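Multiple structures follow.
Here chain A shows up in two complexes: once beside chain B, once beside chain C.
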Partner chain A sequence: MNALDLLAEREDMISPGISACVGCNVELTLRIVMKVLGPNTVLAIPPGCMGGVGVVGWNKRSGAKVPVFFPLLDNTASMLAGIRLAYDAKGKDANIVAFAGDGATVDAGFQALSGVAERGDRIIYICYDNEGYMNTGYQRSSSTSKGSWTSTTPVSKDGHGGKRQNGKDFPMIMAMHDIPYVATASPAYVPDLIRKVEEAMKVRDGLAYIHVYNPCLTGWGIRAEESISVARLAVKTRYFPLYEARRREFRITVPVPKPLPIENFTSRIKKFSHLGPEAIADLGKLAEDRYAFLQSLCRGKDNNA
Partner chain B sequence: MNEAEKEYISPVGEGLYSANTGDWRTQKPEIDQETCSRCGTCLIYCPTSSVRRADGRFIINLSFCKGCGVCAAECPNGCIAMTREAKR
Partner chain C sequence: MSEIAVMNGNFAAATAARLARPEVIAAYPITPQTPVVEYLTQFAAEGNLGSKMSEVESEHSAMSILSGASMAGARCYTATSSQGLALMYEPYFRASTLRLPIVMNIVNREMISPQSVWGGPQDSLTLRDAGWLQIYVEDNQEILDTTIQAFRIAEDQRVLLPINVCYDGFYLSHMTERVEVPTQAQVDGFLPPYIAKHQILDPARPMAIDPLTSGYLVMEYRKKHMAAQAAALGVLAEVDREYESLTGRSWGGAIASYRMEDAEYAVVTMGSVTGACREMIDEKRSRGIRVGLVKIRCLRPFPREAVMRALSTVKGFGVIDRNVSFGWNHGIVYQEVKAALYGADRIVPSVPFIGGLGGEDITMDLVSTACDTMIEAVDAGKTIHEAVWLWSPRKGVKL
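Coming up: the complex of A and B.
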């Protein structure tokens, strides 16, 4: 089924009215992911934007049409490992899925997630990376890009400040756990995202991890209607490459042979507006270095453009 | 409770939570069916799943549309117009 038919015909598993910001591409990502996963799914959404907007529930009501949990920020993956064991014991199968922000994944939830990866528990873990703790007021996370303004990495009136460290290359860290499936995805590349969720559903022997890069309109300062175009520019500038890896067999799924200048991406985002040309060039250099590293992992394949 | 809900140990509460997000709209999208090429790009990218396909045509259900303008920005034919909502 092509992407359009799938999205047009399948039932929306999320409440029609959830209070994500106007134009939010995480809301789009969640709806798409859940259409692919379908009704036979148990969902865990730890504290974060998608927990806060009503998907896990409000006033005895739930915002999803499947069983949905609100685990702690730091135990999402291990709780799902337990749910998988309980389902196995009952002889039932289902998609056991986390939909967690970067705070609950790359920071607080990392230990539980790394444990699941190493033990080989069969769950699907999807991280929506908006580079920070957005629903509590835009605090920085270890995924936040260098230079970013956040409420905990402020910028002075004369333009000094912002985050001093590079963000973790988290999907690569997960790939190095030798798990059966790792992929990066973008809300701007929907057929690619859908196929990756379908691949994750096929995994039988361990963790499937998908890392989605979701530029945050409110926290980063992006116009609502540019929600998708900025996500697309992250890919077209090689800042966030789209790839997948099966136990360290790497493949770039959306090759970017002629990258656009990094300014095309950064100039659309207010959190970078204080950065001078050198700091912007540094972000471009980081993107090139990471892309070259990724290409070296794909060596010998024909699609490593 | 529907069949799926009964499968689980505890009931899922009193039903589906839904915020009236249509109320948030300050501008509203409208598809010009004359120039629309029926490509479905608007349906793919609408964050609130407000674009529907019916008999090959694409139509917008405004009930929960937040008026973000993503559909208008992504439409390759520029045939979605955003107009100001009247004050409510």
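Coming up: the complex of A and C.
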């Protein structure tokens, strides 16, 4: 089924009326992902935007049409591993899925996720990376880009400050766990996202991890109508390359042979507005370095242009 | 027929877990609990344990995996000690407030600092208000029997709460005793499979577990949780009677009294020190001193009525604590017992004792002296409010 047909025909598994910000591309990503996964899914939504906007529910109402629960910030992967073990013990099967922010994934939840990766627990873990704790007003995470204004890495009136460190290259860290499937994805490349979720569903021998890059309108300072175009620019500037890896086999799924200058991405985002040309150039250099590293992992295949 | 074997406390716990047929086990090794994990993995390697087992990377994940598995309807078992329990605190509290009937042995070990790996129930007692049921046992037979019973109590539809069966590190975990092991058929008859009805992660009947919840509903949940704790006392007694009819062994339910019938004085204990105190009571009785013993088995729920009844006829009592309650200058069990007696017709003198911290031996001499100290204070009509410390003097160490 092509992407358009799938989106048109599949049931929306998320309740209407959840209270995400106008233009939120995480909500869009979740709805798409859940259409692909379908009703035979158990969904974990840890603390974060999607928990905050009511996907688990409010009082006695559920926010989803599948079984959904609220793990702790730091144990999403472990709780899902337990569900898988219980299902295995009972001879049942379902998609056991996390939809977790970067705080619950790259920071507090990392140990549990790394444990699941190493043990080979069969779950699908999708991280929506909006570079920080957006649900509570944008505090930094270890995924936040260098230079970013956040509420815990503030900028002085004369323009000094912002985060001092680069964000972790987290999908690469997961790929280095040698798990069956790792992919990066973007709400601006929906057919690519859909195919990657379908690939994750086929995995039988361990963790499938998908890292979605979701620029946050409210936290980063992006106009709502640019929600998707900024996400696309992250890919086109090579700042967030789209690839997949099966154990040690890497493949770039959306090649970027002629990257746009990094300024095309950063200039749309208010959290970088205090940065001078040098700091912006550093972000561009980081993107090029990481892209070159990724290409080297693709072992000269023709898709690595 | 049941089998008679010689085993240490950890093997008794692992054997009980095996006989209970948990569907999921996740445990992280920590001294002095480590052999429990080794025994269970060995049972599995020999084909004698069918549980799905996870070799977790931490206790936090152990409890998290079991929480997920229990939410998916599985019978679950784990074990831990001290720092492992502390690391587990976040999902530990939540397992009770999610009403997940997980069974966990706690091999009691002192909390650091200073660094210590030896016995003492400070670890689990500190978490007494986290909503779990907690039973403390005295010997290896009681570990095995109570751990099997724990599944029945936790999974009872009137209870649906996680439960700890706690035993002293090294004194029980690593010491061997004679233990009668019921047959698999006996345990299967006693312990039907767990069927989760209250919450279940199942696509065939989708439900949301733990949406954002208003305070008035939180209050409803807490009140029901407390009612379930209270109901556990009755269930514990029922289960004890049924187990007795099966095996001939009763552990007395929430408390166990020894030579209390005509006692003028009582010594209150919990855990393995009870054994030494029984001997001491016999010795005092042989000299005509009418002293008896009350062993607290169930700390959560606290058997307020039973404790009040047991201590209502004595002239006074002492409590031996192998733990401290910072800020009170006595032990935790003493505090609990005193609170239970607030509703009694008369207030009798009492003496709090603290001893055996960090695995330090509580000898016969020490408990005998404690008993004498208590009787002297009681006869003088005097309550001692600050703990009397039980210890054997060491050269160069001042207490």
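Basically, the second predicted complex is superposed on the first by the 305 of 305 C-alpha atoms of A that agree within 3 Å, B and C clash if a C-alpha of one lies under 4 Å from a C-alpha of the other, contacts with A are read in each partner's own complex, and residues count from 1 in each chain.
Everything that follows uses one rule, which is that a contact is a pair of C-beta atoms (placed from the backbone, for glycine too) under 8 Å apart; a residue touches a chain by one contact, two chains touch by 3 or more.
Because the structure is a prediction, the values reported are computed rather than measured.
With both structures placed on the common chain, the touch criterion links A:Lys65 to chain B and to chain C. In the superposition on chain A, A:Asn25 makes contact with chain B only, while chain C stays out of contact range.
By the touch criterion defined above, A:Gly284 reaches neither chain B nor chain C.
Judged by the touch definition given at the top, the superposed model places A:Pro241 against neither chain B nor chain C. In the superposed model, A:Gly57 makes contact with both chain B and chain C. In the superposition on chain A, contact is made by A:Ala112 with chain C only, not with chain B.
Touch criterion met: A:Ala3 reaches chain B, while chain C stays clear of it.
Of the two partner chains, chain B is the only one touched by A:Ala224; chain C is not. Of the two partner chains placed by the overlay, neither chain B nor chain C lies in contact with A:Gly132.
Taken together, the two structures place residues 39, 54, 57-63, 65-67 of chain A in contact with chain B in one case and with chain C in the other.
Chain C makes touch with chain A in their complex at residues 23-24, 26, 51-52, 54-58, 60-61, 64-74, 90-91, 94, 201-203, 206-214, 217.
Contact residues on chain A toward chain B in their complex (touch as defined above): 3-4, 7-8, 12, 14-20, 22-25, 27-28, 31, 39, 54, 57-63, 65-67, 187, 190, 224-229.
Those residues of chain A whose C-beta lies close enough to touch chain C in the complex are 39-42, 51-52, 54, 56-72, 74-75, 78-83, 85-90, 94, 111-112, 114-115, 118-119, 121. Listed in rising order, the residues of chain B touching chain A in the complex are 4, 8, 12-22, 24, 40, 43-49, 52-53, 63-64, 66-70, 72-74.
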